[in-house]
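As written, the chains take the letters A, B, C and D, and residue 1 is the first residue of each chain.
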Amino acid sequence: KSEDSGATGGSSAAPAATQVVASAPAGSATCTADQYGAAKLDLKTASVGFSQSEKEANPFRIAETQSIKDEAAKLGITKLKTANAASQFNKQISDVEQMIDSGVQLLVIAPLNSDGWDSVFAKAAAKHVPIITIDRKINAAACKDYLTFIGSDFAEQGKRAADAMAKALGNKGEVAILLGAPGNNVTTLRTSGFKDQIAKVAPDIKITFEQTGNFSREDGQKVAEQLLQSNPNINGIYGENDEMALGAITALKGAGKKAGDVKIVSIDGTKGAVQGIVDGWVSAVIESNPRFGPLAFATATTFFTGGPVGQDVVIQDRAYDESNAKTDIGSAY
Amino acid sequence: MLLEVAGVSKNFPGVRALDGVSFTLQPGEVHALVGENGAGKSTLIKVLTGVYQPDGGELRYQGEPARFATPLDAQRAGISTIYQEVNLVPLMSVAHNLFLGREPRNRFGLLDEARMVHEATEVLAGYGVRADVRHRLGTLALGAQQMVALARAVMVDAKVVVMDEPTSSLEPREVETLFGVIRDLHARGIGIVYVSHRLDELYKICDAVTILRDGKLVHTGTMAGLERRKLVSLMIGREFGEDFTSFTETPESVLTGEPVLRVTGLTSRPRLRDITFEVRPGEVVGLGGLLGAGRSETIKAIGGAYPVDSGTIEVDGVTLTRPSTVRAVRAGVATQPEDRKAEGIVAGLSVRDNIALAILPRMTRFGLVSDKKIDAVVATYMSRLRIKAASPDQLVGDLSGGNQQKVLLARLLATGPKVLLLDEPTRGIDVGAKAEVQALIDELAAEGLGVVLVSSDAEELVEGADRVVVLRDGVVVGVLTGDQVTTEDLMATIAEAAE
Amino acid sequence: MTTEALRTGIDLSRLRKGLPRCGVYLAILLLIVYNIVFTPYFLTLSNLRIQLIQAAPVVIVALGMALVIGTEGIDLSVGSVMALAAALIPLYLGYGVVAAILASLAAGVAIGLINGILVAKVGLQPIVATLALFVGGRGLAVVISEGKLKDVRNEDFLYLGSGDFLRVPVLVWIAALLVLVVAFVVRRTVFGRRLLAVGGNRPAAELAGLPVKRVLIGVYVLCAVLASIAGLLSVSRIQSSDASAVGLLIELSAITAVVVGGTPLTGGRVRVLGTVAGALLMQLVVATMIKHDLPPSTTEMAQAVIILVAVYVARERRTR
Amino acid sequence: MTMSVPLPAGPSRLAGAVQRQGALAVLVTVVVVSLATFPGFRSADNAGTILIAAAPPMLIALGMTFVIITGGIDLSVGSLYVLGGVVAAWASQYGLLAALVAPLLLCGAIGVLNGVLIARTGMAPFIVTLAALLGARGLMRSISDQGSTTYLVRSDAFHELGTGALFGVGYQVWLAAGLVGAGIVVLNRTRFGHAVNAIGGSEDAAALMGLPVRRIKIGVYLLSGLLAGLAGAINAAKLGSGVTVLGSGMELDAIAAVVIGGTLLTGGSGSIAGTVAGVLLLGVIQNLINQVGDVNSNWQQVISGGFLAAVVVAQTYVVRVRRAPSP
């Protein structure tokens, strides 16, 4: 029996927010089955492979995998194979290669890393298997090596976080960044986007501290504790994901701070973080929507029926702040 | 002058193992190096062979000042060594051990396996070892392993062969083979340094002798001129009694009680078959036989450390069911294993902890270990067994062999055993300590303990035991009682069984 | 050779003997001095507090690891045990704090039993025996928690990890108490003495009639229980249970703490205080790096050097 | 180190053989059963995928086998693997040769450093190589801007090495097979190999017999470093870039493979053929879990752990039954 098993899960009743494509700029590249060299087929009877990068042990990954599975079920796709690389890049490569061997006709990949997919492309090209990458982009040629990328613009997320931070701090103050796992291009882009934008919109905000919290709550808390102790002047904390921001909140509480003393902005849009806005600890949360299922399969359907699909499908992420946190918390995951 | 050291010293943390020792070896000389346990014999040898670098003093080889940085250096220069502990690799094959580091190679630069096997078989046959040389060395009896080490040392073109207690695990026949080899080397003008605690061996084959005591040189000269008693008193630094073994006869009248240990039909495939004997309180029963006869296994089986297929073991009338070491100790059986270092002492613990090891549950107060209680027991045994240690806190690994043995005995006695199983209790310990241990065995028997004694020293066995059970290939082939307990009868029984 | 030379020789050897014992403490001292000079707000109570709190879980795990290493073993599964303990907390918190704690301790006992039996009875090498649970244990923990991070809000439970008692964090009290208990177990109990003998020479301990298997199983159980305590305290401190993250890579931190603290991997000796110092040293290194905002690359390389230097100083001269 | 090695009293060659063949027997069984059960397992492509994926771990485990036979352990291989890949990708701009030599030099140097520290100072291999694990990872991060820079492979020849095939079998597999063959010869038919066995069997004895113990030890850590670097390089060639997020836990996989292959962690006895079986076994298990298709990723780990335990326990019993007179 869990702590709150008595309470009813009211929030789960709210409809999950589906992804919306950001309006593609006119004339942006598209791709068709002919261009790509793939055969047309009926998705329902096709064999589809989904390769997940990390264990389904955080809200983003859980929601992402679930969304793919749900959508496949909804469309009546029975031959869906899934594999999980548990953060082992080499495992993901062999997972995908194995799927290609076993004759999948469409690959949906949530890549662990943006580079290092050459052997997969070679194999997929030989069998003309289209690849849709979701959430992270692969550094390669769209419509050639892979079909299309669907996902957020991480640099843009960083920029929006910077805007939110600037607003929360009134364009002035000292900010610390809780970096994601090192070597990860999500980390790199969310950092560069944030820094660039801060320099542009609020040059009076100084970024005095950046340490990795490995996208984990515990590390976020540990680093924040150290930082609050030795840099008492910090006014803002930018968490590159919600988990680290939540860890920082625990650290703030431990250091005797009150809600709002230090402004927090983070990225992801998990329930916990949005609740943090409601409670006054968090100033803003930029969403990174993990529900890729509908969009991925819609794209695939268009593609297999001969229609053009965008080579770069950037989704629109919402943002939560005081104004909408209470009402929209149901869309958080 | 073949090899000469002048005034070498060697310090270990807290110990001065060698203190200005000088030593010379002539070509074709068999030079005995003797001294009590811990006198510094092995250390001197290791200085001679490049294992240790001396802290002071000079080393000359064939008239030239020499310095051996590693054993390999010394070997290349022609100094071969058989170290005290058999220093071969048990997991590798006999042939590979023999050739390790100087394997013959074929024209592709790869090792010539066939040649190694062939040559190894041939060479070892000359040492009376007839075994499949492709088997692991560990499967050979210790004596045979010693012979392999000897063969290895002599195979190269050595000018000096150093032997540190080569006979401690050899049976009489193997000792004879060894002596044959030594005489041969002697004839070829090779210098031999020979360390042993067995004095009669020294008189048999050595020309010269050097005596060390506490790291200092106390005497050097020819063997012939030195009387046995004089030698011993020089070694131990005081006068020594008439007898070199200190056993006394147990009067037959004492041995009438109910057996304290009764072994019936003890079988452990494939090593032991149907072993039956009994030990009465106050009696010392010897287990005789050649190496590999199964004496150690018998001891271990009774002590619960070797699997038993069938047969019963009764201690004081109570049958041991499902034997294990824990149950055996609880029933009153104390086992002293053959290999003191590997199975006996815990080298990294203090003398105190080693003695108290088996009786900890009794050494508690309110469930906690009471050092006061322990100290009382430790003090008793340290004085009773005359254990020479700086303090009870000294690490056992730092004691001399004889004292380690006594610490081990103290641990056994502290459990208050009814039966004492002793496997080679005096192996590798010096004459003084040996006499003390032997006297102790007698004393313990006199107090009413049943003692089972294994010794490959036939003399010690017949002197010490009131009765000898002779084993061969894991089977009892004879029992010597009363007047039959003599070396001759023992040998005869063993030989008879062979036919 | 003059007596002078002899004396310095002996003095040197004494120094050599002494150094291993104080190597870690020396390193800690140096680091503290460095920080006092170069790190702002270092010499404050709040800092001490944070370092102690952060080091506490590693200290607790390292205590158990030290015991296992004392028997010439190693336990890679501690991180997974922490995860299991963490996964069970939110599951049983509904029945009360005590029930939740008991459940996670029971998980520790179970894992410890499995490890212990694999090592003592089946005779597997410790590193392999515990590798199985290292891999499988965390998986099981994540399965139990359905992969979800769960927030914990029970005030009584959170008191353990986030509360104060006499102005000192409860977490630190608990860790200190466990240090005392383990030190006491090693020095004053039959179990502790036997443990050292088993580590020092297992065949000898067996022949002396010690219940070697029981001791080994006991050691692995104790280690796992300590790990599960660390796990539940981590949950209480982070105020949420995340089976996929709790105790990740802690086995290496714990082993490092033990070895840096002067306990040899060869068994037969356990340095309890040294282990605590080892954990504090590694904590201090990381804290220093963070406070000076150095990147992970520098932190890792500095850790490597400090581990090597500390162990080099503390290494035992091979005597036998 | 001295006497804890269990001495087989019975037919030890047989016991040794069974111990060595244990992993192979399990592997064969698993493969046969899967061939019958999973249609997806049967294809030649799938076999190719398994073999190619197994090539880098095979090289690492090969080096680890040598290290473990000397009674040591090398925890740094995972980091060296990543470092090797990053350096190889960076160096590929100067051509194929540079892409191979650069990682070998760097990782070899770190291997030598490990070896020297272990052989000369008497520090435990576990701790020295743990430090190297951290140090090498730090180094990799510092040359890749904390891991955010990924160097792309610029040499076509190097790229071909990673993706090309000869007679339908990837170059990587040929390379791994060749090195394994060479490893078997070195371990069993050269003085170096015998010395490695001797040191693991009894270091003191080896030293007293005049073997250059330190040099041999440095040699095995050098070998391990080189092979880990090479594994990283060929992996980079395959992936087309120096991926920085690889390799955590790689050392434990390698150790597990070696031990499953029947090599004693206490040293002195082991076989490369067993290691090969161990590596393939781990690869096949992974492949099978994927064949089943929809196993929750968390259950996968539970299954892997359980399987690992089952294999080692089974092997222990097989060996024991042959050794003891009776239980």
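Everything below uses one rule, namely that a contact is a pair of C-beta atoms (placed from the backbone, for glycine too) under 8 Å apart; a residue touches a chain by one contact, two chains touch by 3 or more.
Keep in mind that this is a model prediction, so the values were computed, not measured.
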item	value
Starting at chain B, fewest touch steps before arriving at chain D	1
Centroid-based (C-alpha) most distant chain relative to chain B	A
Chain pair with the greatest number of C-beta contact pairs	C-D
Chain centre separation in whole Å, for chain C relative to chain A (CA means)	36
Separation of chain C from chain D, taking each centre as the mean of its C-alpha atoms, in whole Å	29
Chain A and chain B, separation of their C-alpha mean positions in angstrom	72
Residues of chain D whose C-beta touches two or more other chains	3, 141, 146, 296, 298, 300-301
Multi-partner residues of chain A (at least 2 other chains)	55-57, 182
Junction residues of chain C - those touching two or more other chains	142, 147, 203, 295-296, 317
Those chain pairs that satisfy the touch definition	A-C, A-D, B-C, B-D, C-D
Chain B-touching residues of chain D, taken from the complex the two chains share	2-3, 5, 7-10, 12-13, 185, 189-191, 194-195, 197-198, 200-202, 204-212, 268-269, 324-327
For the chain B and chain D complex, residues of the former touching the latter	51, 70-72, 74-76, 81, 83, 87-92, 96, 100-101, 103, 105, 109-111, 113, 134-136, 138-139, 152, 268-271, 307, 309, 339, 341-343
Touching residues (chain side chain D, partner chain A) in the complex	40, 43, 45-46, 48-50, 52-53, 56, 141, 144, 146-148, 150, 152-153, 159, 162-163, 235, 238-241, 243-246, 248-249, 286-287, 290-291, 293-294, 296-298, 300-301
Residues on chain C engaged by chain B in the complex (per definition of touch)	1, 6, 9-10, 13, 16-17, 187-190, 192-194, 196-197, 200-201, 203-211, 268-269, 317, 319-320
Parts of chain A lying in touch with chain D, wherever the complex brings them together	52, 55-57, 80-84, 86-91, 93-95, 97-102, 112-119, 122, 139, 181-185, 187-188
